[in-house]
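Would you mind keeping the following structure in view while I ask a few things?
Chain IDs A, B, C and D follow the sequence of writing; residue 1 opens each chain.
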Amino acid sequence: MSSPEPIAVVGVSGYTGFELAKLLLRHPAGSAATFFMRDTQGAHCLSELFPQLRGTNGAPVRRLSIENILASGAKTAFLATPHEASAELAPQLLEAGVKVIDLSGAFRFRDAAVFQSWYKLPAPHAAWLDSAVYGLPEFYSTELKTAQLVANPGCYATCVILAVRPLVDAGLLESNSTVVADCKSGATGAGKELRRDLHFSELDENFKAYNLFSHRHTPEIVEQTGLAESQLTFTTHLLPIARGILSTIYATFSEPQTPEAIEAVYRRTYAGRPMVRIWKADTLPEIQHVAHTNFADIGFALDPTGRKLIAVSCLDNLGKGAAGQAVQNFNHLLKLEENTGLQ
Amino acid sequence: MSSPEPIAVVGVSGYTGFELAKLLLRHPAGSAATFFMRDTQGAHCLSELFPQLRGTNGAPVRRLSIENILASGAKTAFLATPHEASAELAPQLLEAGVKVIDLSGAFRFRDAAVFQSWYKLPAPHAAWLDSAVYGLPEFYSTELKTAQLVANPGCYATCVILAVRPLVDAGLLESNSTVVADCKSGATGAGKELRRDLHFSELDENFKAYNLFSHRHTPEIVEQTGLAESQLTFTTHLLPIARGILSTIYATFSEPQTPEAIEAVYRRTYAGRPMVRIWKADTLPEIQHVAHTNFADIGFALDPTGRKLIAVSCLDNLGKGAAGQAVQNFNHLLKLEENTGLQ
Amino acid sequence: MSSPEPIAVVGVSGYTGFELAKLLLRHPAGSAATFFMRDTQGAHCLSELFPQLRGTNGAPVRRLSIENILASGAKTAFLATPHEASAELAPQLLEAGVKVIDLSGAFRFRDAAVFQSWYKLPAPHAAWLDSAVYGLPEFYSTELKTAQLVANPGCYATCVILAVRPLVDAGLLESNSTVVADCKSGATGAGKELRRDLHFSELDENFKAYNLFSHRHTPEIVEQTGLAESQLTFTTHLLPIARGILSTIYATFSEPQTPEAIEAVYRRTYAGRPMVRIWKADTLPEIQHVAHTNFADIGFALDPTGRKLIAVSCLDNLGKGAAGQAVQNFNHLLKLEENTGLQ
Amino acid sequence: MSSPEPIAVVGVSGYTGFELAKLLLRHPAGSAATFFMRDTQGAHCLSELFPQLRGTNGAPVRRLSIENILASGAKTAFLATPHEASAELAPQLLEAGVKVIDLSGAFRFRDAAVFQSWYKLPAPHAAWLDSAVYGLPEFYSTELKTAQLVANPGCYATCVILAVRPLVDAGLLESNSTVVADCKSGATGAGKELRRDLHFSELDENFKAYNLFSHRHTPEIVEQTGLAESQLTFTTHLLPIARGILSTIYATFSEPQTPEAIEAVYRRTYAGRPMVRIWKADTLPEIQHVAHTNFADIGFALDPTGRKLIAVSCLDNLGKGAAGQAVQNFNHLLKLEENTGLQ
């Protein structure tokens, strides 16, 4: 890339925004990035705000406002902002001709009612919801080519969908059977805002389940896998680690399957997809295999009858679960190799 | 207790044996304990071997041999030894009139074939298997009163059985439905022997599933819950913490249930049982609530249809999952209060 | 103890207060304890507020007020309250004849100016400062016998004083030489209040120094060791663990010493003191040896010249560093064995 | 770089070798790398051995032998091998005209006696010791330009030397005063070999000092700072984290200094050196600022007299402390920008 187009990265104070900043600073298009945040604390570049970035090239920081973003000349904007802020910023940017990759939940659903009911917030205008492309490039690479608005998936949702959708698409699941997705996430997935259960002395040496039958990523998984809501039991847990999600997924097949057949289903689905790695039957990925990467790894085992499957899917919640996937989507918008800047 | 009967604690070099030693040193019967281990390294009391115990009362250590144990005059022996060692030691002690609380898997099954098939070891003589009482005092307190041989349950098994058996006993489960028990354990549950995946730099910030469809605690859970083997999917994971197990359990009811009804089932089962604590519907125990205790805590939630249950069961794998439960069983043998020395 | 005197435990919402509650619930005098806190949330006993305590005996909770404390008939009050609150409550309790064991910094200094200058708060009346006994029972057991007001030491201060004072008292240090105390503490020592650097994702896998040349425990160490302020360099660090302090202490002797001589100095100082354990020369205590105990462990090594010493002192910041030591002081007030309820 | 010269990376099974492999795979010269290890387990490329690397470009693996290395046509060889292996391999490679960057301790000392005495191993031939350049590029960039053999420094040594040497060179230290370097390292610094104190359940929630007055990095620090051995007290501790070293360094100046003066000394020393970052007086780097980077960060504070300094130096033991620094040295050999492939 001789001279990359200007881009805007909006909201870099949280863990996702910061990860996005780090990824883009190593990306060929990153030299044309301007970073926006609510409170710049008088800083002019990211390295003044994040000691980790000192000594890297000066990445300009500006106060977050629609005017400032537009003034930057950005052709594409990443929004690592809260749902409400994204719902407000994205339409204004889109109307000004700026492409948007939104990392919040605001544009992930076709149906405004779904968003309102799960997020307890007013939904963006239906036209925007309609136009948004769900940013899971393994399934929407065609749509991404011409997308104006990309709704970057949730971290848990990505992890579960990648393992479940191929099984649904292949018609393997017993009709009306329930898929259980028992998911465990590191603490950065819960955000940077101070919270009692994220206080070090509370989470250290602890582990807990939370949001039973009520996690907001549920409707995404339902919509994107094609399962009925009644067919999905999705549970989330908090791990005493910083990064990584591992989902243990239980499914029942209508007919007995062989490990070879299941492996083939996964391999076929992700053929030519560099960021999803399929493990051989009876070998299992662990969080250490994907932490600090943009890979999603999937392994599985079958019971002796061949009708019960346990799949293990894992990824880095800040990588393929958020910022890395946003960059992957960005690469599609720019017609770059999918894994540019992600290795 | 004016003058406690002599007891023997066999195998104190592992995590379970050491926890047992610490518990017994605080127990009224502990002053009459002699500790046995393969290699005493010339030490005469535990505090020479474990710096943590320095300054506590001298707990005598002897070299592990059947002669030494018998010579100690012990009326009861705890065996925190490997399956093979327990299978060999227990019969000799029992024949000499010593009661045995065995923490290995050697005597947990009625059916010798089950042990042989899952443990790949010769099973003890059928007469001993028949006479052994499964040491889950919440269900076997009557049998424990006259037991000569107690088979202390597995840590995962305890955690799962306590949450599942009341549901089975109450006839709530949909016939032929599968119960999924997704279990996560701290590293002491995997033992003290050096192993690549337990090396600090490998487990730190990591999380993984292991032994899919093949964990040795499976047949215990099957036998003690009354589920058919085909109705149980039991999965284990390794947490980057030292102590604690949390099991997330998925079950389907034949009829819709209310939270009140389920809570009542659990409360009824464990009425008068001080070591199992039932949480109100929609509140969930965490590992921090049970670590370093002998409690097992159970919470749950129902889906809106009332037909799907998620139960969360947790305990300390070294407490209620092993050494603490052994002491609880010992209290039953001695007709002491069940929680003596366990608070 | 047939019928223990009533006691009050004031401030149980923080980590120290909660640890104190747990210790006292196991202490023979604990059955007569009433617990006080600012906001009881409508609870009547501790087990309603702390799930960990469910199933233990009901420990009554009352709203914190001087009237309520006095109404409880307490003969002794533990104050696990902030410096300001302690400075206000203690005099009122003392005037009403209630003995006070204060865990804050308010009464640790003879000189009001020292407190004011380091804590930026008005000091309590000089008469109270004069009457307070510094609650390090290894050095003040005589004074504790008749104490009305005990100033429980700081956690770091206890750890450093126990290792350094015997060397000063024995006249071993080179005159004008500097003692360096490089101290590392777990996160509970930094309290329960939410703070950016105590957010799990920030402290996990991190380690940092803080408060260089300015930690508030400095003047305690100076006063209690007899070192001049210019002779002490005291540094604190935050460890990614919950509990424990380890201090690495560097001192220079005026004359060459042998390991035996140094060990003898320590052993002589702590002869008959059950809660301080001296390690043999060239063996070193670790945090795991003292976590969840009331022990302070001291080990050391000498350089080949015998003139340079490194001592390693460690304890549990919530045990011997705070709540455990408060109970130890309480035992002295009651003329009980020093380690009652602490093993 | 149009077509990079072949390189050999020898010993990739340990943490340092694996980190080196990951760095080189992202380095412009990495496409010409062949990897060598004792036991290739039949694998032909790294990604077969390390699941983390699956999906990255095939990096060829060969069995470690001098013949195989020479046959690869390598112009430069990295040796991430044990001291003994390096001592044996390096001379053979050098004689064949292959440049060597050795990460062991074998070539770090001019004086063979020093190596023998601290490492208890026969030293390499004096001619090789003489010719070796100590691979701390901030001080030896000139020598590196023509080096045939680079002795990559120890992790602790790098961390301490970078903070201490500028003070010595500036003549600031009080004569005969002792510099105390109290250093804390993550567990990867202790290697991948299984060891009791590195077993997860032992190190988790623990912290300890080790090798008092006897750590092998002592003579490197002495030689490279110019301090007399009697002037250095160097202590090492094991942190319950995977990566990172933080050194707290205590020094005494002969004359009072201002923070500005000290900051200037450091800035002057490292002007134009991209991998060392100096923090403003009274601000301190933490391990999180350098983990997963090749930066060394240095901060400090002065006491009110201006004669006592505490410096805090930190780096990633696998980055600037080992593999990253090796790549930095390699960049010098190749006349590339010093930070090529390290950002």
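Everything that follows uses one rule, which is that contacts are C-beta pairs under 8 Å (C-beta built on N, C-alpha and C of every residue); 3 or more make two chains touch, one makes a residue touch a chain.
All of these numbers come straight from a predicted model, not from anything done at the bench.
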Point to revise | Intersection of contact partners for chain C and chain D | key: A, B
**Study point:** Residue-number overlap at the chain B/chain D interface, same or different (half cut)
**Key:** same
Practice item. Could you put a whole-Å number on the gap between the CA centroids of chain A and chain B? Key: 40
Revision key, fill the gap. Expressed in whole Å, how far the mean CA point of chain B lies from that of chain D is 47
Revision key, fill the gap. When centres are defined as mean Cα positions, the distance from chain A to chain D in whole Å is 36
Point to revise | In chain D, residues with contacts to at least two other chains | key: 186, 202, 204-205, 240-242, 288
Exercise for review: Treating touching as the only link between chains, describe the layout with one word: line, ring, star, complete or other.
Suggested key: complete
**Study point:** Interface residues, chain A side, partner chain B - complex
**Key:** 178, 180, 182, 184, 186, 202, 205-210, 212-213, 230, 233, 235, 237, 239-244, 246, 248, 250, 252, 282, 284, 286-288, 291, 301-305, 308, 310, 312
Revision key, fill the gap. Within the complex, chain A is touched by chain C residues 15, 186-188, 192, 194-196, 198-205, 240-242
Point to revise | Footprint of chain B on chain C - complex, ascending | key: 26, 51-52, 54-56, 204-205, 274-275, 277, 279, 285, 288-290, 292-293, 295, 297, 343
